[in-house]
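Pasting the structures here.
The two complexes that follow have chain A in common; it is paired with chain B in the first and with chain C in the second.
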Partner chain A sequence: MDQTEIFERVVKILNPYVKNQEAFKGISLATHILDDLKVNSARLVDVVLEFEDAFDIEIDDDDVDKVETVGNAVELIEAKIG
Partner chain B sequence: MALRPIAPLPAGARQKLVLQREISRLLSPLAIPIMGIALRCVLGYRIENLRGFRREYRRICLERDGPLIICANHLTMIDSCVIAWALGSPWWYFRHFRTLPWNLPERSIFAATRYRRMAIYALKCLPVERGGNRAEITEVLSRLAHAVSNHEVALIFPEAGRSRTGRVDLNSAASGVGRIYRCVPNCRVVCVYLRGDHQDGYSGMPVRGERFRGSVSVIEPKTNYRGLRASRDIARKIAQRLVEMEQEYFDDRK
Partner chain C sequence: MIGNDVVDLSDPESSRGACHPRFDRRVFTPEELEALSTDRTDVQRRWILWSAKEAAYKAARRQCSGVAFSPARFVVNLDRSLCGSVRYGIRRWPVRVQIDGDCVHAVVAEKDSFADTLSGSCRLTTAELRDSSQGVRRFVIASIATELGVATSDLRIEKVDRIPQLILAGEAAPVALSLSHHGSYAGFACHDPRIEEVDPTPQRIRAGEAAPVAPSLSYHGSCADFAVRPDDAERDDLH
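Moving on, here comes the complex of A and B:
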């Protein structure tokens, strides 16, 4: 699975949690999930758990702390998929 | 259930924690009674079956010398003070200082002025900015986990913020409490449900003269999951217990 495909799936997963639809329209790897997309910080865990299900990977608590931007999420998933 | 190793706390942070605990202990003969007097005499609060609450907490603390996390419903800004008051007398806390819970108050409210910062420092608080810098939040959670692993008691609201619906919301259960619980072997969770008679929804302060009722119970949640899902599952199980206690509260009032 290449980075573009992971990015597209990540964007699809993020969609229901996004409060700032304007920022979502211009989403990129540099987009900050909490600050730009205004995803609730408590909901970030739900997002990451959906990543686990969608990509059949296991993510540890500490890994969540590294997910700030969409790019961080893509990189984390890429690393987990191996 | 697989435990996750506790993140090593830098020496500086460890020393700060010990220093705060000792300063807090020194000030406690003054700070704890003042808090109690303010709640009881100035604000006129009462807790139904206060003796029963304190007896149960004493029993839990003395039953086994192990790590404890108190998890409670969250409706007002001073819940942590009311809970600490409900669970122990000043005399109990002087004798068993570790059982005075560490708290994670919202920095923008409780650490806004120098006097507030001094007051919360003396009452074992580690201010945190909810939804703020994740590295900073993780660092504060590590400090709290370190305190719990040293058999200090921590008070955490599983919903993180006050219940916006006025009821415990399972879906709001954050994973933070699960993360700490999974770091600490043999940890028990003391669930506390406390609610004022006039408390219909969430608010800043309970009304003057409020009468609180509620209950205390102990659980040791287990999970078959791993990783983040395990932390989330633990947090949900704690929140589920609080939901049940809430139901009992309303059933008793019918």
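Moving on, here comes the complex of A and C:
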């Protein structure tokens, strides 16, 4: 799975949790998940669990802490799926 | 240090079934899960625990940027009046949770009395929700201005490195401020600027006095350790 495909799947997972639709329209690897998309912290837990399900990976809390942007999420998933 | 978190129980996100099926196991300790399992319909209880964890995380993050967003490591103990503590490794913060209608508001402070803490929550109006960030700031400024007896024009809130900072009469007030917003509700907690803030830096006491050393505490999960680094002035004395 290449980075573009991971990005598209990440965006699809994030979509229902996004509060700032304007920011979502221009979503990129640099988009900040909490600050720009206004995904709240409880929903971030759901997002991570959906990443685990969608990519069949395990993401621990220390990994989650490094995920601030969409690009961070894509890189983390890419590393996990090898 | 201070932290707060607000949850709107009427928001669809807070309803039972809105969370991922593994949400509870991911964020709660076995003891907390046990408490929840005794009343599976108690949505309120879930968000009381969550808000306490989140408020403590915000306080912890201010003290140590290396604290991970790991809700299960924040262990909540509350009594029937929803007062108690949140523990993270060797750290422990007093916590107070208040319920007002659909609003759950948790505040974490340095002292059990909360005497040096200003806090509050409110329901934002429909107009305020159009720009919730400004709505939250207006509420917080009005609340703090009333408490301090100053004009709202004397107060501003700015973000420095993503952390809200209270500006009083044009100068950064040396106090911690925590903002929160969820659904229709806003909340805040702020160290009272009229009371000298307690230095959260851990001190090693020697012969009844603060020793000229810089202790460093670190913690991860249930593990903790510490180191004491002599400062330059004292290092020669130790050889």
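The definition used in the following text is that the second predicted complex is superposed on the first by the 82 of 82 C-alpha atoms of A that agree within 3 Å, B and C clash if a C-alpha of one lies under 4 Å from a C-alpha of the other, contacts with A are read in each partner's own complex, and residues count from 1 in each chain.
The criterion applied here is as follows: contacts are C-beta pairs under 8 Å (C-beta built on N, C-alpha and C of every residue); 3 or more make two chains touch, one makes a residue touch a chain.
Here the structure is a predicted model, which is why all the values come from computation and not from measurement.
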Q: Name the contact category of A:K80: first (chain B only), second (chain C only), both, or neither.
A: neither
**Q.** Touching partner for A:I59 - first (chain B), second (chain C), both, neither
**A.** first
Q) Does the superposition put A:E50 against chain B (first), chain C (second), both, or neither? A) second
Q: Look at A:A42 in the shared chain and tell me whether it touches chain B only, chain C only, both, or neither; answer first, second, both or neither.
A: both
Q) Is there a shared patch on chain A that both chain B and chain C touch, and which residues make it up? A) 40-42, 45, 48-49, 61-62, 64-65
Q: Under the touch definition given earlier, write down the residues of chain A that touch chain C in their complex.
A: 35, 40-46, 48-50, 61-62, 64-65
(Q) Per the contact definition, I'd like the list of chain A residues that touch chain B in the complex. (A) 34, 40-42, 45, 48-49, 52, 58-65, 68
Q.
Please output the residues of chain B touching chain A within their complex, sorted ascending.
A. 4, 7, 130-131, 134-135, 138, 160, 172, 174-175, 179, 182, 226-229, 231-232
Q) Tell me, which parts of chain C touch chain A in their complex? A) 7, 13, 19-20, 22-23, 26-27, 50, 54, 57, 68-73, 162, 182
